[in-house]
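Structures incoming, each one as structure tokens.
Both complexes shown next keep chain A, but they swap its partner, so chain B is in the first and chain C is in the second.
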Partner chain A sequence: MNGTLLLQSVIVGITNGFVYALVGLGIAVVFRGTRIINAMQGEFSLVGGLVAFVVVESLGWPLAVATVAGVLAGGVLGFAMEWLLVRPTRRRGAGEESYLLLTLGVAFAISAAVLYFIGRDTRSLPGIGGEGSAVLFDAAVRYHAMWLVILSSAVMLLLRLFYDRTRIGLSMMAASIDEDGAATIGIDVPLMRSLSFLLGGLVGGLAGVLVSPLITIHYEMGLLLTLKGFAAAILGGLLNPFGAVIGGLTLGLIESLAVLTVSSGYKDVIAMTLLIVIMIFLPNGMLGRGSRKGG
Partner chain B sequence: MAALLEVRDVARSFRGLHVLREVSFEVPEGGIVGLIGPNGAGKSTLFNIVSGFLSADRGRVIYAGTDISDRSVPQRSYAGLVRTFQTPQVFPHLTVIENLMAGCYKHTTTGVVANLFGSRASRAEVRRMRAEADAACDKFGLTTIRDRPAGKLPGGQQRLVELARAVVGKPRLLCLDEPSSGLNTGEVAGLMAALERLAAEGITILLVSHDMDLVKVASVIHVLCFGEIIARGPLGEIRHDPRVREAYLGA
Partner chain C sequence: MESSRTRCAGRRLASIALVGFALLPAFAAAQTKEPIKIGAVLALTGPGAGLGQAERNGILLAEKLINDKGGVKGRPIKVLIEDDGSKPDIAKGKAENLIFNEKVVAIIGPSLTASTGAVAAVTNAEGVPELALTGLGPQIELTYKSVYHLLPPQVLNAKAMLEYTTKSLKAKKVGVLHDSGYGQLVLNALQSQSSGYGIEFVAVEKFEVGATDVSTQAAKVRAANPEAVFVIATNPVPFRNARQMRIAQPIVSAIGSSSYQYVNGMGEFAHDIVFPEFVVGEDPLQHQTDFVNLYKAAYNALPKNYEAAGWDAVHILARALEKAGPDAGGEAIAKAIREPYKGVTATYNFAAPDMTGVELSSYVYSKLVNGKFTRLPFTTK
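And now, the complex of A and B:
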């Protein structure tokens, strides 16, 4: 094994890790605000990526516009999901498990709709900053990967500030911890739930736009991302949204190093085995119980 | 003087069981009004209708001259009608001071972006909330436990945290649901003193309780039994009312 190859793997691992982290972050955002395990987080990315693709390829608009459109599409889908399906389900007094089934069902429906209307073809978005690469100690780093890391980090930082500092962010958490107590101090609990889905959707849409130049857009992409994002969120501790960042990076690095040392066919086996081991020894996630707030 | 809260002919049934039959009562502005009754009298249902957690089948709830029957819980809270719960509903993972600061949210004016980037106005607002929360800690004797997670506190202290959180929101009508349950005798005395102090500050209090000791602080008491108000008046009067004695003692 030489140094360049190792460095290259680390770069790939970090890039993928940030994608998993973003998807995991979206799952954690929704969970934190609604206590719903959102099995369609990856679909936000699928739709966000597709919308961005349409804006770039069919309308011929600049990538920046497409990026914004993709992010917004994810947000709209998230909000609509809560408004049209989650809220009526809750009104009928559904239990926690119903929501998992609901989101999983919608995930398959969206995936099937994409297969039906667009087919099995894969589509690719141009990378942000072009298709070129910079050279770092003989290893290539795509400009897009750098943008991916920068944009994801910025979003993570903003979300952190949002939850720590803004009244809305704190109210979203309060609403999910104690519905009745929150309502009586003036917090609009249903609105906070919608906003959590909206926020999860926005993060998902961004993940879609950022990942599409790397893995291409196809109808099964959502489920794939949900699985990885879910693993990232669990690794970091589902209630601590920033745990997903640590979890995602860990997962990405392990995968890419597994490819280097074992074989690419086994990367999921190794990553998921690690997930199980961590869950046994650290059931509250890698950051433990002390670091979580709000549940 | 016009009543601050007026409950008019409120009726509610659950699956054919009439929990409330045309209940009417008033809470005048200022002072403490008690609502008592044996278990199953419909106190909680009535209280949930007043605070907006349940809707009535018939009848209206008028607050400060406005019909609020169709308003949501947070809308009522913004209007100054705030309640506490029989089981204290504090945010368990937040500290006492954070709980109280959350009680101030509805009076904040700075927006998300200002909060996010810590604008001067936003920082000033956080300082003001913290000062208000600190003052409330002082008032309710919570200063020594202000940085502890509220969920780890014993029941009596959680109740005080919940009450303090309601008070920092500057309520006009404070509805307290069984505030003495789970408190020891000393704590009940402290609670009574606190309620009298709040009333003196101009907060109107509606107190639901089956604790005859606690309702001594109320100037007027309404007695609810099987969904109907069977007596009303000062404690000295209703205590001798034969229907009340029957309801309570089964005699």
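And now, the complex of A and C:
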């Protein structure tokens, strides 16, 4: 193994780690605000990426406009999901497992709808900063990957500030932790839940726009992203959005270094085995204590 | 002068009317007589849908053309198409229904090797001819006397790649980036043939089907300094990652990766990638032109290899039915199929040991240039 290859693996691991982190972050946002494990988080990304693609390729509008459109599309889908499906289910006294089934069902339905209306073709969204790469000690770093890391980090910091410093962020947390107590002090609990899905959708839409230039858009991408994002969020600690970042980066780096040091054929086996070991010793995730503090 | 022109026009009209009247009974008879039922089991949904849907388009186009020309022995053909969901057990059930309930004279398909094996066990037992839209699979298929393959075996696909690599690129050290499904099948064939071509695989990197990133694998292949790189996958991501990881060497791929579905996803990296295949819709061979034009008119899209295989399957069967007669029975129809046939895809000799008889000379080579396939002058002839 030479130094360039090791550096390249670390760069790839960090890039993929932020991809997983962004999706995991959306899952954590929805869970933090509603206590629902959202199995359709990847579909927010699929829809966000597709809308951005249509805006760029069909309408010929700039990537910045497409990015905004993709993010908003994810948000609208998240809000609609809560309003149209989660809320009526909750009203009828649904349990946790019902929400998992509900979101999983919607994920399959959206994937099938994309297959039916858009087709099987994979689509490529242009990257921010183009498709080129910078060279660092003979290792390639894609410009878009740099933007992905910068924008993802900014979103994570903003979310942290939102939950810690804003009235609405604190209200969302309160509604999630103690529904009756929050209602007693005048917080509109159903609205807070809708806003959590909206926020999760916005993060998912952004993930779609940022991830699509790397992995291409296709009808099955949502479930693939959800699985990795879910692993990242659980690994880091589901209640702490920062946990998704730590979990995502750990997963991305383990995968990448497994390819480099052992065999590419055993990448997933090694990554998942290590995840199991981590979860045995840190059952609340890598930021377990922090997550409990966060509520 | 005027009256002479009028007389000429009158004669021409009369001739057209006469020809029309002459053809009318055949056409009308073809439409009124009981259709000859042909079964087709295709992967229209599931992982193999990219193949099955393309094959269906070719089959339906051929059915329409043959019926427009009067059918087979004055009877129209009717292809009953069933979806196997890319699953062998469903394929077997659908084939049984077509054979026992619909009483089809032959089966076209399936689209995938595993499903072909499942259906072939039934068609062989019942003596129903089967034109599989796959290459030769397990060795047991060699014992079947009425199962024929429209696509070449993987060994021939591998040879086609190695021919170009050694003779056109003059490369001997090759890196391979392949997925664990289709890519693994082609790699196995490549490894069995490589010594004959003096090829050394300096790096072989595998990734799972549908992988979202194979950059590290691509970087490992690049680090081995190959003279050429084989990228074999049913997914555009590895092609993108190979170039993003600055693999500047020529990339050669396999026929299964030469789909517009994947090319669209390659984006600006759909460039300088070579495929050994059979039909280059943008620049077809002379004997493929009619098919390509008809396809373009019907679907407003260019056909590729699997559309052509579906088209050829129906025509091969129609020719055999014409010769043996639709009611001659499976054995006679199977015997008629065995005669050599120059199709759009390739020249077939189903009596050959691989039940296909496709030669290397049937391959054409295409190169992606800015997202478009261009036919290369290289041939193995």
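Quick note on the criterion: the second predicted complex is superposed on the first by the 290 of 295 C-alpha atoms of A that agree within 3 Å, B and C clash if a C-alpha of one lies under 4 Å from a C-alpha of the other, contacts with A are read in each partner's own complex, and residues count from 1 in each chain.
Quick note on the criterion: a contact is a pair of C-beta atoms (placed from the backbone, for glycine too) under 8 Å apart; a residue touches a chain by one contact, two chains touch by 3 or more.
Quantities reported herein were computed from a predicted structural model and do not represent experimental measurements.
Trainee: Of chain B and chain C, which one touches more residues of chain A?
Mentor: Residues of chain A touched, chain B against chain C: more for C.
Trainee: Classify the contacts of A:D121 with the two partner chains as first (chain B alone), second (chain C alone), both, or neither.
Mentor: After superposition on chain A, A:D121 lies in contact with chain C alone.
Trainee: For A:P62, select first, second, both or neither according to whether it touches chain B, chain C, the two together, or no partner.
Mentor: Neither partner.
Trainee: Quick check for you: in the superposed arrangement, does A:H218 touch first (chain B), second (chain C), both or neither?
Mentor: second
Trainee: On the A-aligned overlay, A:L260 touches which partner chain: chain B = first, chain C = second, or both, or neither?
Mentor: In the superposed model, A:L260 contacts chain C only, not chain B.
Trainee: So, A:R165: does it touch chain B (first), chain C (second), both, or neither?
Mentor: Only chain B; A:R165 stays clear of chain C.
Trainee: With the two structures laid over each other on chain A, which partner does A:S133 touch: chain B (first), chain C (second), both, or neither?
Mentor: After superposing on A, A:S133 lies in contact with chain C but is clear of chain B.
Trainee: Considering only the touch criterion stated at the top, classify A:T184 as touching first (chain B), second (chain C), both, or neither.
Mentor: Only chain B is touched by A:T184; chain C is not.
Trainee: Between chain B (first) and chain C (second), which, if any, makes contact with A:S9: first, second, both or neither?
Mentor: The answer is second: A:S9 touches chain C but not chain B.
Trainee: Let me check the overlay on chain A: which residues of chain A are in contact with chain B and also with chain C?
Mentor: none
Trainee: Enumerate the contact residues on chain B facing chain A in the complex.
Mentor: Answer in residue numbers: 51, 53, 72-74, 77-78, 82-85, 89-94, 102-103, 105-106, 108, 110, 112, 115-118, 122, 162, 165-166, 169.
Trainee: Would you pull the chain A residues touching chain B in the complex into a rising list?
Mentor: By the definition above, chain A touches chain B via 158, 161-162, 165-171, 174, 177-178, 180-189, 292-295.
Trainee: Give every residue of chain A touching chain C within the complex, in rising order.
Mentor: It comes out as residues 2, 4-5, 8-9, 12-13, 15-16, 19, 120-124, 126, 131, 133, 135, 139-140, 142, 214-218, 220-221, 224-225, 256, 259-260, 263-265, 267-268.
Trainee: Once bound in the complex, which stretches of chain C touch chain A?
Mentor: 49-50, 53, 180, 205-208, 210, 212-217, 219-220, 223, 235-237, 240, 244-246, 260-262, 264-269
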